[in-house]
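Below you will find the structure I want to go over with you.
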Amino acid sequence: MAVCVSVIGKENSPLYVWVGSGREELHLHYLAHTGLDVIQEKITSVTKTPGDTRDLYLGLLYATEEYKVFGYTTNTRIKFVIITDAANTTLRDNEIRMMFRRLHSLYTNVVCNPFYIPGHQISSREFDKGVAALVAGN
Amino acid sequence: MSRQSMRANDPKKVSGELFTLTYGSLVAQLLKDYENVDDVNRQLERMGYNIGMRLIEDFLARANPGRCYDLRDTADKIQQAFKLYLGVSPSIGSWSPGGDEFSVVMETNPMAEFVELPEHCLGLRYSNILSGVIRGACEMVQLEVMAWFIADQLKGDNMTEIRVKFVKRLEDAIPAGED
Amino acid sequence: MALEFDPYGLPSEVTTPPCALVGMMGLDINTKATHKAVWEAFALNRRPDRIPLHFSLLTPDFQLPNMKQKRQSYEWYIPKGILKTNWISKYLKHIPALVVMFYDLDWNDNNWMEKKNDLAAKVQTLKSVVGCRNSRVALVLIQSGISVPGEDTGAAEKAATLCTACDVPAKHLFVLPHSDAHLIGYTVRLENALSEIAWSFYQGEAKGVQGHRDFLNKTNHTLLFVRHQFKLGFFNELRNDAQTAIKHYAQCYRQLLELRSTDTNLHEIRIVASIVNYKICRLDFTLNLPRDAIAQFRRHIDLFRQRTGPKELIFEHYAWLSKQYQIFGDVFEEAVRVGLPAVQTQHPGFYYQQAAQYAVLRRKTALQVCKDVSGPVSDLLEGWDKLEFYGQRPWRPGKHSLEPPEQHREAEGIKEVQYHELREVNHSNTIIPLFSSAISQFKKYRCPRIKRHLMVQMAEEYHQAQDSTKALTLLSHVMWDYRSEKWWKLLSSASTLALQCAYNTASLMEYCSVALEMMGKKLDVTQQHKLTVHANLTKILKGEPPEPESNNTTTTTANRGVDEVREAWMSLLGSHMSPITVDMTTLVPCLEVRASFTQHRVHVDQRVNVVVKIRNSFVSTLYLSSVSVTTNIHSYNDKLIETDSDKLILPPNQTTDIHLSFLPLVEDVGKKVKVTEVRAQLGGSDSVVGVVLQWAGVGNEGVTAHTADTPAFLEFSVLCQDAYDTTVPIPETEILPRQPQLSIECEYDSTSLVWEWLPITVNITNTEESPIADISLNLGLDSSSPSSLEHTTQVCTSSGLQSDKLGSQVCGFRCGDLRMAEKSSVTFYVKSLTASERTLHLKVEYSVSLSLGVSSVQCPCVSEKTLHIQARIPFQVSVETQSLKFEKVGRVSGGEKFVVVPKIKCTSHVPITLTHSSLALVNEAQVVGSDVKSQVSGTELSEGEVGVDCFCVAFTHSATSNSPLSLGQYFLYWKRSGSECVAVRMSVGLPSVVVEHWGVCVECEAAPQGTVRTPLPLTYIITNHSTTTAELALTMQVSDAFMFAGHKEVRVRVLSGCKERVCYTLYPLLAGNVRLPRLSLSMDSQSPGHPTSLDPLLARILPSHVYIMPQAKESDTMVSTVTNQLSTLLVS
Amino acid sequence: MAEETVFDFIHMEAVSYVFQGEKVSEDEAVSKLEHMGFATGYRLVERLTRESGRYKDELDIMKYICKDLWVTVYKKQIDNLRTNHQGVYVLHDNRFRLLTHMANGKQYLQYAPRYLAFTCGLVRGCLANLGVTCVVTAEVTHLPACKFQIQVQRG
Amino acid sequence: MTGLIRRTFVALDEEIFKSLYVALIRPHLEYANQPRRHCEMTIYNLYLFDRDGQLLYYAEWTRKKQSGMTKDEEAKLMYGMIFSMKSFVTKVSPVDLREGYMSYATNKYCLNLYETPSKLKFVLNTDTHAQGIKELLHQLYTQVYVEYVVFNPLCSLNKPIESELFATKLDEVVKQSPAYASRPA
Amino acid sequence: MTINSVYILSKSGGLIYQHDHNIPTLEHEKTFSFPLEIKLELQNRNVVVSYGQRDGIKVGHQLAAINGVKVTTAQLEDGRDAMQVLADEANYPINLKFTRPKLTTNEKIFQASMFYPLYALASQFSPEPKSSGIEVLEADNFRMNCLQTLTGVKFMVISDPKQSGIDGLLHRIYELYADFALKNPFYSLEMPIRCELFDEHMKSALEHSEKLGISNV
């Protein structure tokens, strides 16, 4: 499934970045980070155009020769970026969407932990587990 | 996913969450106010006791369960109350041979649904308020009991278990001047 | 040679936009101005809106490239390559589609005949030249006279004859009148006509090519299929028919793909492919079909990405790919430049980026495969740049075979290529520009982050290219952004590179800042690395050069540098330079600092404490040799410094507090002291090189606020463990005046009486530990009180009581010094002129000498108090005028006596004493009688009580009559009972009365009382004040209470200024207060028969009753005398 | 429904907790409550807005607060929302749940603020997490009616 | 009857006559005048005691006669009475008895005692015909006490109830109840 | 329909007659193992269930027998102390017999005297002027009707709450009292009534009204 899953905070700082083992970690960090450019563009453009295109799922942000970068934003200005292999054509758009939704509820649970300080890096066993399951596709 | 599918999270659940989160904030505040975790546990128990004293009235009014003269009834009522107020049905079990002690066992503890204890307060009995509630509520119906946690998922146990022990039956207050 | 020639790029002829070639003859632009003008009209400034034509000036003796003879059959013809390198330029430069013959010839030219023939001859020769290529020929007559054909028939048929003479179709003959006015207009029209002709030529050529197709067969001529399609495409481009062109190019591309490709011919194929692809994409863009273009390009890449070619030349593959992207980027960008809209997700930037990445890959692979190449072996690469066919190998030109003809030579060739790649190619020169153009694109399309990523890569490239300085500047920008967005991972990698650069460039400051950052907990760098960095830092502080940064990627190049770098460090550190300053505020360093005052305000006699919290997030202890705080008030800065190295040991992962303090100066009272910066000297006392860390700004955190894990919302700070993260520093403190040690009591009645002098006694006791000096008191209206009060309030001290001009303030009333515990008291007096509340402000200033530490300063202190006074009216005075009979009167007659009765109603809350009262009358009136005494003096009135005063007054006769006349003033002197201060005078205006003039006046003399049946004398005295004699008729009415003796009715004459007495003896019959027989007087006036009655006057002034006592048994003792004197009645 | 019972009681205890002991200052206690509310709201809204689409603008968010949030938390909608379009919103709740049990009129008026602080925080927290920083104050003149004023801080 | 006595007994001394009189006549007299019930349906007053016998709340509506002591004394005494009444009942009850509700009636009124398991005691005095008082009291407990005392943080459970809202709600419920106003048919 | 018992209280509140007509005896036997699952405690010298109810055994029941040996006032017949026996694990499993305690004569007298002030208070608390004392006392599983004569004698009948015709019965009893106690010259007031005739008539009256539930007086 995904090779990189990242949660990015209100101020665009990374709260959580998971990178598949054996992947070029730094590069994927860069991709996740650069994905923000497109996300921001999309968010701002949507707020301009009144309409029903208010889906939290932002779809494909951009693709390089080897990766596809997908984006999602919450109403609370949190952004999720999921990166998959460009080669991986089996993934349907809807599956990506579902991954994001799962990720979102995982994140929500983290926020609901009374000991978690919003905006800080996420260090949570539950979340780790959740993401692991998510990327394993089960 | 947008507007129309706002089959907004089932309200029952939410107000449960509201309670859970409020409780979380409260505990956080307590941890700040008392540096000592044991004090926090104590304070939580005390609060629970106060709640219990009021909650029982609500319970009686809702469920109209009648009096109970036997610890087993009491246990059932507690079970009933958990269902009513926390939306979980705990199992009652591990009775003492004397039938004066039992456990309330929850597979999942809604109060601690999202909680993960940070290292610096592993000594915290997060849901200790529950034991207080049980004690307070029972006392209001002439039942002096002790209640305490013996297992907690937050501590890595695979379920959450509260132990309740019967102490004694409380009698009516003798009116002033008559003995 | 290799520099300008790029074996993987596109040859220039391919990229030059093709347009029809038109040759021009017969123009002598050097001598003939008109010709020059014509030429320029055509050739120069060809704007895009003009038809794409290319003009070339032909000399009379020009030749066409002679063409090879047409072969009859292609059977045995085996093409040696796909595309000939010379073909394109042949049609671009050498073979004109049309040659235009210019000739000066007017219709009415005198020697028309000769010229016609001359021209015909020229045309003949020309035709002979171009005939073989069947380029078209056209005639243009340059005419001076403006003559429209048809206007004179002669012209028409002349033209006809001319055509026949030169044997050119009539529609190839043109006339160009060069009346320079409309020259351009003519030329434009003319070139339209010409272009048609030119294009028809290319059409012809195309037909020709198609003609060949029938002879071709699939077995041998696959290459030709490709070639022909290309030609067709190209011709159509020339005749400006893009759609058809694309069709053919596409066909061409397809057929190219059908060719069997092997490692041997792959290169040729892909080069041709790139040419065709270029053509297609470019045309797509010009036809505004960007999608097609992109799709084509994608397909192109997908098709060739796998065809890597021989592995020893793998870098060529990447070189080629990189080129493809670059080319497409260029085409794309060109399209954008001419107005194609691009979006954030689809713009040239991406292609440049990819190009750059392949370029990098190219170098990488090159370095791998070319590791063991020896020097140049042979000259096999000779003529690489001028081969007959595109993309062929210089060592086997004209060989398009699936297998290399000679294995050995092949190998040699490859070696050569490798050698060339390694030695001759400067990769950075290709990579860096690619990055920079990518960067500018991403910048343009709002992708700051992608841009930053590229900048990092670019920096890496610069670093490779030994240009660490450039790299460093690039990085510094990027790092700032990564910090503020807290992408530590990215920051870490950037820092690692930056550190290398800093090392290579021996730039101390950067080195330190990066090092400090890498030592911090945020950057994700291995423990080991952090330690080495720290070690290097300590070396530097000791004056030794740091170790070179390990894991330098390009070892080869780096090693070369190492020694010089080391040298640089040596010299840098050797020269004892001034300490360098590292600005920590922009970093995420291992040391975080927060300087804070302990209080928001401090009294001038207390110490001001500053706590500097320093958190060390490095894994081991760090040492500072000094920490100092700078404030906006410089005089304190030298005190705010800590140099005790024992206090400056910073254990790992702990916050160390450093306490500094100073004594504020008296003159700074009221000022605010702000922390402006914190400086710390790095390293223990033994350090040689001075590295000063500097934090500036509020809270002294700047960006380091990011590193402090302060929650975004303070509400969550309850969850924070490290207090450092949640404590909010106090950046400034206010210096307040010293707290006065003085006890002040004020004794006064908070309700004062209007007009009175209210005494306020201020008791001051010195409760200081030392004597106090020059005490001065200010008492006055509170500044906030309304201005109206200022005029109605007077304040003074005992001395000022008498003075008449007093303000609402007493300022700087000095009362000397006080020894310890000594008391003193001052009394102020406040007069309120209106009944309203007043707020007074008492301010006691003094100075006390304090011994602060060693010195002792005179410290001014102020202590203040506010007092409230409610003033109330002490009494109300109402004045009445009454007749002697104490009846209220508004009119009196001259000389008549009447009384003035002031009533004083006390409204004061305390008893008041009226000390004295008097009248100040107007001249016309005076008090009757000599020693006139106030009736109220000495009287004490309490609230609600009324005092009545009384004066007997009469007007002089001279007083002007019949108009209300004000009597004057009533003065009342009063004070609080028992207060010893002087009485206050109050004046009240007296009412005004109307004075009548009767001329006469009547008085009555009678005993105050009579006795029944005892005669009682009664006399009326009539006085005449008038100047004339008064004739009066007097009547005495009978009364049943009396019998009386005397005139019942009589006329009296009274001379001016004389009196007349009229006497009666009454004999009372009844006892009691009995009505007297009524007297009535009337005076004859000037007009006889109209007497004026005096009765109203009499009624007022004469007694109407008398008291008659019953007969006394024994002679009655009590006799009272009539007194004119009246006594004050007390009414309570 | 029993879930909110437990909330009511925990809220009750929270209030009495912050006010326990004699030397507590009203402000301090109230702000503690307010902060608890903030934290709660901040986390809660993360859940509640999970299913809903992205909000168009500030007003959109306010409507959300008045409808969905209020219903889920207080079992009824806000009765009236007013704004001056300069960032001030006034929410009227004629029967504010936490006050309905207390009084109908002026009795206990002086204590009312204690039982509104948490909610103020809650609302502020929600908004903060939705990207609207603001000050929320509550005003009661006649229980159980209550007026919340939201003052958005711009820039 | 008196005649009969005379006739039967010839010689009568005081003693005997008295005893005879007591035995024979008085019963008839007493029998003759049975007290008669008056009919008017109403609710007089209510006492609410907490588990410690403290009077939490007192309300009265149509009470006509006061006991002539202070409220405290009255409350104390009342609690004392219901306390001993309870023990009396438990004792004399012939069978095991379910706690929670009991009542007594005099010829004038009826006292109803409702006791929650938490030992709150509602004492309601009604006329002797009032119906459904147990239900009414249960309602007072669940819909008034629990709603407006238990859920009012400002009411502490072991102090007399000051909440006006409680008072008004209680009044409403009582007045709405048929037992309050309705007249017997 | 059941009428349980009749009490007659003299003017001064003394119990002058009591007759238990029909008191159901509730007895439950159960064999327990150690430790005992129900809480027992001593209430005025009886072993009484204070908490925990098992098949019929209810709080308030008295320990009547251990293993068939009768227990009175916490003493077994063989003199052993009941509590000790129960405390000793060795005696388990153990068979216990519990009964609902019946009132002893003394208790009856005591209760009677206890009713007296209640009766008085009832009229004192009356919200209406000149109220009688308690006439009917009703708990949810029995009823007590009380008739007081002008002379202050009280007749009380305890019966099933559904039992009707109690008023009639009371008057019948009053008649009986008048006829058989008062008319008996040898009966003096305030004294317990001992008189077969009275007893017989009483019994028949009770049975009678029990039978047809309504009184025909």
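Some points to look at:
Residue numbering begins at 1 within each chain, and the chains themselves are lettered A, B, C, D, E and F in the order written.
Here, a contact is a pair of C-beta atoms (placed from the backbone, for glycine too) under 8 Å apart; a residue touches a chain by one contact, two chains touch by 3 or more.
Only a predicted model underlies this, so the values are computations on that prediction, with no experimental measurement involved.
Shared contact partners of subunit C and subunit D, listed by label: A, B. Chain centre most remote from that of subunit C: F (centre = mean of CA atoms). In whole angstrom, the spacing between the mean C-alpha positions of subunit E and subunit F is 22.
Chain geometry summary: the mean Cα position of subunit D and that of subunit E are 47 Å apart.
One finds 61 Å separating the Cα centroids of subunit D and subunit F.
If you average the CA atoms of subunit A and of subunit B, the two centres end up 38 Å from each other.
Subunit C has residues 713, 716, 718-719 in contact with two or more other chains. Those residues of subunit D in touch with two or more other chains are numbered 12, 16, 35, 39, 42-44, 47, 50, 52-54. Multi-chain contact residues of subunit B, defined as those touching 2 or more other chains: 1-3, 17, 21, 23-25, 28-29, 54, 58, 62. Listed by chain label, the pairs that touch are A-B, A-C, A-D, B-C, B-D, B-E, B-F, C-D, D-E, E-F.
For subunit B in complex with subunit D, the residues that touch the partner chain are 1-3, 5-9, 11-12, 14-19, 21-26, 28-30, 43, 47, 50-51, 54-55, 58, 62, 84-87, 129. Subunit B makes touch with subunit A in their complex at residues 1-3, 17, 20-21, 23-25, 27-28, 113-118. Residue ranges on subunit B touching subunit F, taken from their complex, read 69-71, 97-100, 166, 168-169. Only residues 51-53, 76, 79-80, 83-84, 86, 99-100, 116-119, 138, 141-142, 145-146, 150-151, 157 of subunit E touch subunit B when the two sit together in their complex.
On subunit D, the positions that touch subunit B within their shared complex are 1-7, 9-14, 16-18, 32, 35-37, 39-40, 43-44, 47-48, 50-54, 68, 71-73, 118.
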